[in-house]
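In the two complexes below, chain A is the common chain; its partner is chain B in one and chain C in the other.
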Partner chain A sequence: MSKTVFPPSIKSRPVYGELEARAGSGHLMIADAEGAEAILDLAKSADAAFWAKAHIIYIPKGTGTKYSSQLEELGAGQYYAGPSYEAAQSRIRRALLDCHMGTQVYLTGTESLMGQAMAEATAAGIPHTAIQTEHRGSTARRMQCVHCKGITEDVTTDPFECSHCGLSLFVRDHYSRRLAAFQGVRVDAEDPGNIPEKVELFK
Partner chain B sequence: MSAGTAKLNVTVAEVKPINDLVTRFKFVRTGGGDLPTFSGGAHTVVEMQDGDITRLNAYSLMSDPADRGAYMISVRRDDEGRGGSKFMHSQVKEGMEMVISNPVNLFSLDLRAKKHLMLAGGIGITPFIAQMHQLSMMGGQFELHYSVRTASLGTYAEELSAQYPGKVHIYHDDQDEAIDLNTLLATQPLGTHVYVCGPKGMINWVHGTSEDMGWPREAVHSEEFLAPASGKPFEVKCAVSNKVVQVGEHQSLLEALEAAGIDAPYLCRGGACGQCETNVIGYDGKFLHYDHWLTDEQKAGGKHIMPCVSRFEGKTLVLDR
Partner chain C sequence: MTIQFNDETFHGDFTFKNSDWAIKRFPFPFHEDSYMYSVNMEPHKSYRPGSVFEKTFDVDEHYVAEMKDRARVLADDPLRCQSLPHMTLAGWDLVELIMEAKAAEYPDLFELHKDGNRWRWINKPLGIDDTFTFLDESTLPYGPMEYITRQTQGDFAVLDQRDDNLWMDAGMVTTQADWSLDFDIGMNFFEWHAPVPKAHEMGIFVRALKFLLNIQQGQPARRLNWTMTVNPLLDTSPENYHKWGTMKQGLTMENIGEKQHLRVELQTFFRLPRSNALVFPIRCYLIRFEDLVTVPKWGRRLHRVIRDLPEELATYKGFIDNRPLMVEWLSQYDDGSPTSDGIWPDD
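Entry: the complex of A and B
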């Protein structure tokens, strides 16, 4: 799957770039699903010395083993594949604790993965502008219900039902870097019960 | 006119020679009362009435930011300079009334940093003294690496080593001691910000090395005040005020505009802050850009000049002032 072009939107909506191998004392790469393709693309311009200092943390999600062997063959100093972001989180935190200034962070795959890993990396002290990102794969969104504060992952329709309180929520581009989530607002707040038909906006 | 900075009337409370080159000055508010609060890294612009010439030099505040009773600056005598530091050393006496600007900070700590790594060269130590006061009060983590020529010219080196044991590292040039920058930068925990104040070569060394080692640009901070360079006299036409101004050999363009009664903005007077940026309407000749503010493209474009430090050589220069 190729890179996604998002339509221009409000300022809070994150924008993503294209990963490039940069000089650094280490390379922490965190990816999910089709994000593997961005790492494989970057591999075309990175040498063995680069990979020796690299740590790949990969969450295949729905892609199963499609990319696993190619990623392993890159020869990264450390390679980890895990079942979910939640499962990988303690490893991400530990990796950030161990690295020094000069380490480059590369995030790629879904917005949910990039947003959550970005929050960890910035909390660890890396300026967000110094962290590289590239969107690949699903455009499904991680949404926060502004009413009950619950998070619903992989939202593909607008409106959608909050997985915590059940309200029908309008999908906004308003994004929280702290929560790594877009904001969902009750769609029938003014006129209870008047809920527009769901449209599949994200795949 | 300096943007948004009211003037402070102060009295010199103490003049204390620190070593062969450096003298410390203490200012209190004339007539008593508190001075405005400031943050570590801030500077003040001191007005010196040197005969017919008004000299305006920026000096970092080195006193404790929590102490509003007095400000302190340290001035290194520069015998090759244009005369500001010599004036401070020879003319300023205790009890004298002077005018200084409100503090302005172009070298503030980034308080999001988990650790502050400070690199000082020579008189570049002064902003760090205020910052260390501030950080120790807040419980912030810091480390100072301070390069001096000799022990006797190591301004405040002994005092700081005693005040912050284990956090201050002194390097003496005459004993071939040097900051091991590569090791230092390679071993910093995530969230460290590095600050450098000193000679131009040192600042470029830290920017270059940190960039090569993958440090984010946002985590590298520097401050260098440039003294306006002397050069050939030149003439400038000011389109808005309809005046023709002569800029002397040892005068900056900004000083010449001020002497002609043109109200030109300024803040740092050292090519760092960008406040005095002026549009060029037309020119026939060559710009001598010395500032840190304009990009290389802007410098090549011939549409902007920083009058505080930059000069011009050629037939005509027309400015939007």
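Entry: the complex of A and C
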């Protein structure tokens, strides 16, 4: 699957790059779903010494076992596959705490995973220059409802229903790195009940 | 003059009202018959006695009622006031700036007595008489920024300056034109301005940021911004948009003069001494259309500005649907005669 090309957007929206194996005292890789492909691509230019210092944290989501055995065979010093981001979160925090000066952090997969792991990495004091990102797979969005503050994951349509308060929200491009989420605002606020038909904008 | 504070509301029954004094000193934001974004900044110097530009922090007849409205909004949603941990010192800088300015410029309303770090602050309109230790948080009932901004009209964004950018790392935001502090906190200058149309492409934000990064202590700056609000609602937040959005419906030629308000923000910029942060007070003034057109020049000019405003701006400001009605109503007050330069009424 090819890398994602996003349409031009507003300045709060993050932009992502392409992962490359960099020299470092350690390599922390956090990926979900098709993000595995970016790691496998990077593996073409990384040797055994690189993998010996690597820690892969992988959340397969809907991809099941499609990539996990290939990732495991890379020979990373530590390899973990977890059922969800929430389940992996304490391990991610711990791994970030254990990072030494010069550890490289690689984030890849959905925006939700990269955004949340980026916020954790920044909070842990990892410098921006040591963090790389690459988008792969679903463009579904992690949305915050501006009214009830609840987060809805994997939003693919505009409008969508807030999974917490149930309001129909339109999907903005305005993005908060702190929340790792886009903003959702009630679509029928001025004319209650007048909810436009859902359009599938993200896959 | 001594100020008579109004007993009025900015929600529910909306009893807010401007006196003739408040109408005459309203900060009308248009110096010509058209409007487009620009880097419209000038020194925040005392200007025109009696005007909103005279004092460092203008206090007017709405002071007490606005502070009650702020307390109400905060009780409902405490996330309207947030300060990241490294911003506490900037909060103290703000306490000092506001207390010193108000005590010096409104001695009949505010008093500040200092005995070393022991400060006594008297706020007569709000009935406050507190003694505390400057820079010791445990001696105030709230964090320093929250304490003083519960007693000062206008929203406040406190910006940390680093990496040649400004970061919105603290704020008190209960009278905003539809943006969320809780969402924007931690963003930089370009990120929180991301939703604004046209201005990025025009290079306005790059130039404005450069200006702001160079603001020196003791040399504050100011600018005006404006939008439209139906009913005198201070809290036009996105958080509560699902509650106030419907108010935009139901305007008619009969009620628009009373319900439609021009909303003007007097925005000022101050460098803070200890933290090197920048504080950005955003003071909101509201005026109903029927009061505004009592100044003939303002009525004529507002008609022309709203009629000719680029569509993107009317959409962003949220009044595109009501614009035709506004223009029709305002046209009654535009006889086509020329208007003089500048924002002030012709005497």
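In this text, the second predicted complex is superposed on the first by the 200 of 203 C-alpha atoms of A that agree within 3 Å, B and C clash if a C-alpha of one lies under 4 Å from a C-alpha of the other, contacts with A are read in each partner's own complex, and residues count from 1 in each chain.
Assume contacts are C-beta pairs under 8 Å (C-beta built on N, C-alpha and C of every residue); 3 or more make two chains touch, one makes a residue touch a chain.
This one's a predicted model, so the numbers in the text were calculated from it and none came from an experiment.
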Of the two partner chains, chain B (first) and chain C (second), which one does A:G102 touch, if any: first, second, both, or neither?
first
On chain A, which partner's contacts cover more residues, chain B's or chain C's?
C
Report for A:V146: first if it touches chain B alone, second if chain C alone, otherwise both or neither.
second
Which superposed partner A:A23 touches (first chain B, second chain C, both, neither):
first
Is A:K11 contacted by the first partner chain B, the second partner chain C, both or neither?
second
Give one of first, second, both or neither to describe whether A:A49 is in contact with chain B, with chain C, with both, or with none.
neither
Quick one: is A:A130 in contact with chain B, with chain C, with both, or with neither? Answer first, second, both or neither.
first
Counting only contacts in the complex, chain B reaches chain A at residues 112-114, 185-192, 212-219
Along chain A, where are the residues that touch chain C in the complex?
10-13, 144, 146-147, 149, 167, 172-179, 183, 185-186, 189-192
Can you list the residues on chain A that touch chain B in the complex?
22-25, 96-97, 99-104, 124-127, 129-130
Within their complex, chain C touches chain A through residues 79, 180, 182-187, 190-195, 200, 238-242, 245-246, 248-249, 321
